[in-house]
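In what follows, chain A forms one complex with chain B and a second complex with chain C.
For the complex of A and B:
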C-alpha cells in the first residue's frame, strides 16, 4: 500500500488545503495522473500521483488544511488486495463505498464551509467568505467552469454595488502577489546575485523560423521563445552549475532540465511553472508543451510538479517589451536567464555594417554556486546555440 | 458573411484571449497588441482560433495586416470573398 501525501510545492509551503478530489475510491490511477486539487498561497494547484494502483480510501476531508507530508489517500497496487467494495456487506468506511455510489463521496465532518464542499473557489474568495461569514454555496461564480473568485464574494458583501466588469482568470492575483513577494524577498535576502549581459545576433533564428513556419498551419508554428528555451536547456548540459537547487547550504545539481517558464498573467500576475525535460524533447514538442503550459497557467490550472520542479528559469519580455531584463532568481534555483525583445540594430559582420536582429540576454546567477567567469561562458554558449537553430 | 459578422467573430475570439477587455472600447485602428496587452503567444492563439473557425489560411507573413480590428476584418473579409464565401 502506498500513501498519497500532501506535496511540498515550494520551499515556503508548510501546509495546503485539499479542495477537490478528481478521483473516487476504487478508481485506478497511474503515475502522473492528476488526482486532487490543493489550495496554496500560490492558487489552486492540480496534484499528480507518483503511484500506480487503485485509490483505496480518502484519509482527510475536503477543505481540511493539513501539513506537507500528511497522507491524503491510500493507493493499493494492482492485486495487492481484494477491493473492500467487492463484498456485499456494507462498506466499512464511508470513503470506501461502492463505485456506484453517487457523489458526494465525502463524509460530512464539519469542514470550514460545510455547504461548499467540492465547490470550486479561489483561495482569496474562500478567505473573504470566511471573514464575512458568507456561505459560498450562495455565491455565483464567474470564473472558469463557474469557479468563485474574489470579486464574486466581494460583490455580495457590498450590497447595491455596481457589478464589476467580468474578469479573466479564476486565479487569485492577490494571493499570487503575496507568494511572489515572499519568494522574491527571500531571494534578495539570501541569494548573492551577480549579473551578466550579452548581445546576440539572432537573424539566423528569425530566418529559420520564417522558413519553418511558412508551410505550417498556425497550430504547428513555432515562436522564438521556444528556441530560447531549448538553447538554455541544452547549454545547461555543459554548465551544470546553473541547473539545480541550493538547499541546506549546498548546491544540488539537477539530473533533468526542467525550465521554469516565466508567464505573465493578465491583470498583473506571474508564475514560472516547469516545462519538463526541455533539453530532450523536440522543438515541436517543446512548443506544444509551452502553449499548453501558458494556457493552463493563465486559466489557473498549474500542476503540482510544475510548481516544484523548475531547475532554472527563463524569462522573456516578448516582442513589445524593452531590450533587457535583469531577473531575480526563484529560490531554491540558482539561475535565471532573461531575454529582451528582439530589435534591429546595425551590426558588424565580416568587416561590413548591416542591419541584424539582435537580442540582449542576461543571466542572474547565485554567487554561492558559480562565478562570473563560468556565467559568461554559459551565456556565450546559449548565444552560440542560437546561431544554429536547425540543430536545436 | 458580411463585415459585421466578421467583426463580431474577431471580437469574440479576442475576448476569449483577453476576457476582461471591453471590446467596444477598443479603437478600430489601434494596435491590438498594445491596446489589449496581447503577446506573441496570445496572437498566435488568436490566429489559430480564427483559421479554425472560418476555415481560412493566415500565413505568418500576413500577421502585420491583422494587428488592428479594422485590419483583421478587412483581411478576413477578403480571404472569405476570394474563396467565394
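For the complex of A and C:
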C-alpha cells in the first residue's frame, strides 16, 4: 500500500487545500495521472500520482487545509490484498486536522443539484445557496410559479453565516503576488547573485527558423524562444553547476534538466513552471509543450510537478522591447538565463561590417555554487549552440 | 476641472433643432465638414433637419445629391479618405440598403484592407423607425443590422443632449460612425442647456435608476420605456431604464452592472425579434451575468411583419408602453 501525500509545490509551501478529487475510490491510476486539485498561494494546481494502483480510500475531506506530507489517499498495488488490520494504526485524523480556521478558503465544488424533481430556482439563488451552504429544498420560493429567487435565499441566510469570500478556483493574483514577494525577497536576501552579459549573433537561428517554418501551419511553427530554451538545456549538460538546487548549505546538481519558463499572466502575475526534460525532447515537442504550458498557466491549471521541478529558469521579455533583463533567481534554483529582444545591429563578420540579428543574453547565478569564470563559459556555450540551430 | 457653479441657461428646443444645431456647430468648428444628401439643400431635408442651412452656409457646405444612395455615400467615403469630414444624410434606413455595399464593403473595411494606411472618418446620419404611417418601405428599424458590422460605430441619440452632442464626437472619430435618428423624436420638445456641446459616444446611460428590473432600450423606444417604468412604479415595481446610446460597441459594463443589481432584464428593441440586437444583448447577459439572474430575460421587439400602413396596425406592430409593462410583469411573475 502506498500513500498519496500533499506534495510540496515550492520551497515556500507549508500547506495546501484539497479542493477537488479527479478520481474516485476504486479507480485505477498509473504514475503520472492527475488525481487531485490543490489550492495554494500560486493558484489551483493539478497533482499527479507517482504510484500505480487502485485508489483505495480518501483520507482527507475536501476543502481541508493540511500540511505538506499529509497522506491524502491510499493507493493499493494491483492484487494487493486487504492488509491485516494494523494493531495500533492510529486513525489519520491527527495529520488531517485542519491547520487554520475551519472556514474553507473556497466554496465547495459539488454543484447544487435540485434535491426535488421540478424544483425551480434562479441562477442567482443557486449561487447564493451554494455560497452559504443552504439546501435549496429547505427554501420556500416567492418567484414566478414558486421559483426560488435570490431574495428567498438571502432572507434565510441573513441570520446564519456571513457570506464567504468569493473566489473562483484557479488564479488568485493577489495570493500569487504574495508568493512572488516571498520567493523574490528570500532570493535577494539569501542568494549572492552575480551577473554576466553576452551578445550573440543569432542570424543563423532566424534564417533556419524562416526556412523551417515556411511549410508549417501557424500552430506548428517554432518560435525563437524554443531554440533558446533548448540551447540552455543542452549547455547545462556541460555546465552542471547551473542546473540544480542549493539546499541545506550545499548544492545538489540535478540529473534531469527541467527548464522553468517565465510566463507572465495578464493582470500582473508571474509563474515559471517546468518544461520537463528540455534537453532530451525534440524542438517540435518542446514547442508543443511550451504552447501547452503557457496556455494552462494563464488558465491557472499548472501541475504540481511543474511548479516544484524547475532546475534552472529561462526568462525572455524579448517581445516587450527591452534588450537585456537581469533575472532574480527562483530559490532553491541557482541560475536564471535572460534573453532580450532580437535586434538588427551592425556587426563585424570577416573584417567587414554587415547587418546581423543580435540578442543579449544574461546570466544571474548563485555565487555560492559557481564563479564568474564558469558563468562566462556557460553563456558562451549557449551562444555557440545557437550558431547551429539545426543541431539543437 | 472646475465645477460649473452657475447653472447653465436653458433653452426651449426640439430634437430636430438640436440635430440642426449640431450640424451648424460642426460646420463652423471645422472647415472640412460639409453636409450632403438627397434634398438636404433647397428642400431643407426630408425631416427638415437642414432647413435654412443652405442659405446660411451656401452650396459648398450643404450639397444636394442625385437620388443615388450608393453614389453619394461612396462620394462621402472618398471625401473622408481624402481628408474631409463629410456628414452624409440618408433619408431613411430602408434607403440605406442601396448604400450598404459602400458602408460595409468600403467604409468598414478600408482601414483593415489598407493595412491601417487609410481611415474613413465619415459620419452617416439617417432616420429610422415607424410611427409616421410611411408604410413598409420607409419605416423599419435596421440599425441592429449595422451594429453587426465590425469597423463602424453605431449611435442612437434618444435625447436632446445626444442629438446635439453626438455628431461632433462622431466627426472626431477616425472611423465611420452611423447615427440613427428615430423619426418619432424629431418633434420632441424640451429644454437644453444653451451651451450644450459634445458628449461621449461609448457609454450607455441610466435614464431612471431602479432596483427591481432593468429595462434596456435605445432610440425612440426610450420614451415608451420610461413611460412604462412610470406605470410600473404605480404598481410598486421599481424599474431601471438603460439607454444604450451606442449600439456598437455595446457598453457591456453598464448593462451588467444594472442586471447584477436588479437580477432581471427586459430588452426593448424596435427591430424584428429574430436575430435582433435584443437577442445579442440577451445573450451577452447570459454569457456575463448568468449567475446574477433571478428570472428568464424578456424581450419586446417589433412583430415579424413588414411595418403596416394603417395607424392601428402600425402601432400594434412595434413596442409600446403597455407591452413593455406586460413583459416586465411577466418576468417578475406578476402578470
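Convention: the second predicted complex is superposed on the first by the 303 of 392 C-alpha atoms of A that agree within 3 Å, B and C clash if a C-alpha of one lies under 4 Å from a C-alpha of the other, contacts with A are read in each partner's own complex, and residues count from 1 in each chain.
Quick note on the criterion: a residue touches a chain if its C-beta (ideal position, glycine included) is under 8 Å from a C-beta of that chain, and two chains touch if they have at least 3 such contacts.
Note that the structure is predicted; figures quoted are calculated from it, not measured.
Applying the stated contact rule after C-alpha superposition, one finds that A:192 touches neither chain B nor chain C.
Judged by the touch definition given at the top, the superposed model places A:267 against chain B, while chain C stays out of reach.
Looking at the shared chain after the overlay, A:125 reaches chain C, while chain B stays out of its contact range. Once the two complexes are laid over each other on the shared chain, residue contacts for A:355 go to neither chain B nor chain C. When the two complexes are overlaid on their common chain A, residue A:210 makes contact with chain B while staying clear of chain C. In the overlay built on the shared chain, the residue A:294 is in contact with chain B alone; chain C does not reach it.
Once chain A of one complex is fitted onto chain A of the other, the partner contacts of A:218 are limited to chain B, with no touch recorded for chain C. Counting the residues of chain A that each partner touches, chain B and chain C differ, and the larger count belongs to B. Across the superposed pair, chain B and chain C touch chain A at no common residue.
Of all residues in chain B, those touching chain A in their complex are 18-20, 22, 33-34, 37, 39-41, 44-45, 47-48, 51, 57-61.
Considering their complex, residues 263, 290-295, 330-333 of chain C touch chain A.
Across the interface of their complex, chain C is touched by residues 122-127, 143-145, 147, 149-151 of chain A. Taken together, the chain A residues at the contact with chain B in this complex read 165-168, 210, 213-214, 217-219, 221, 223-225, 264, 266-267, 290-291, 294-295, 318-320.
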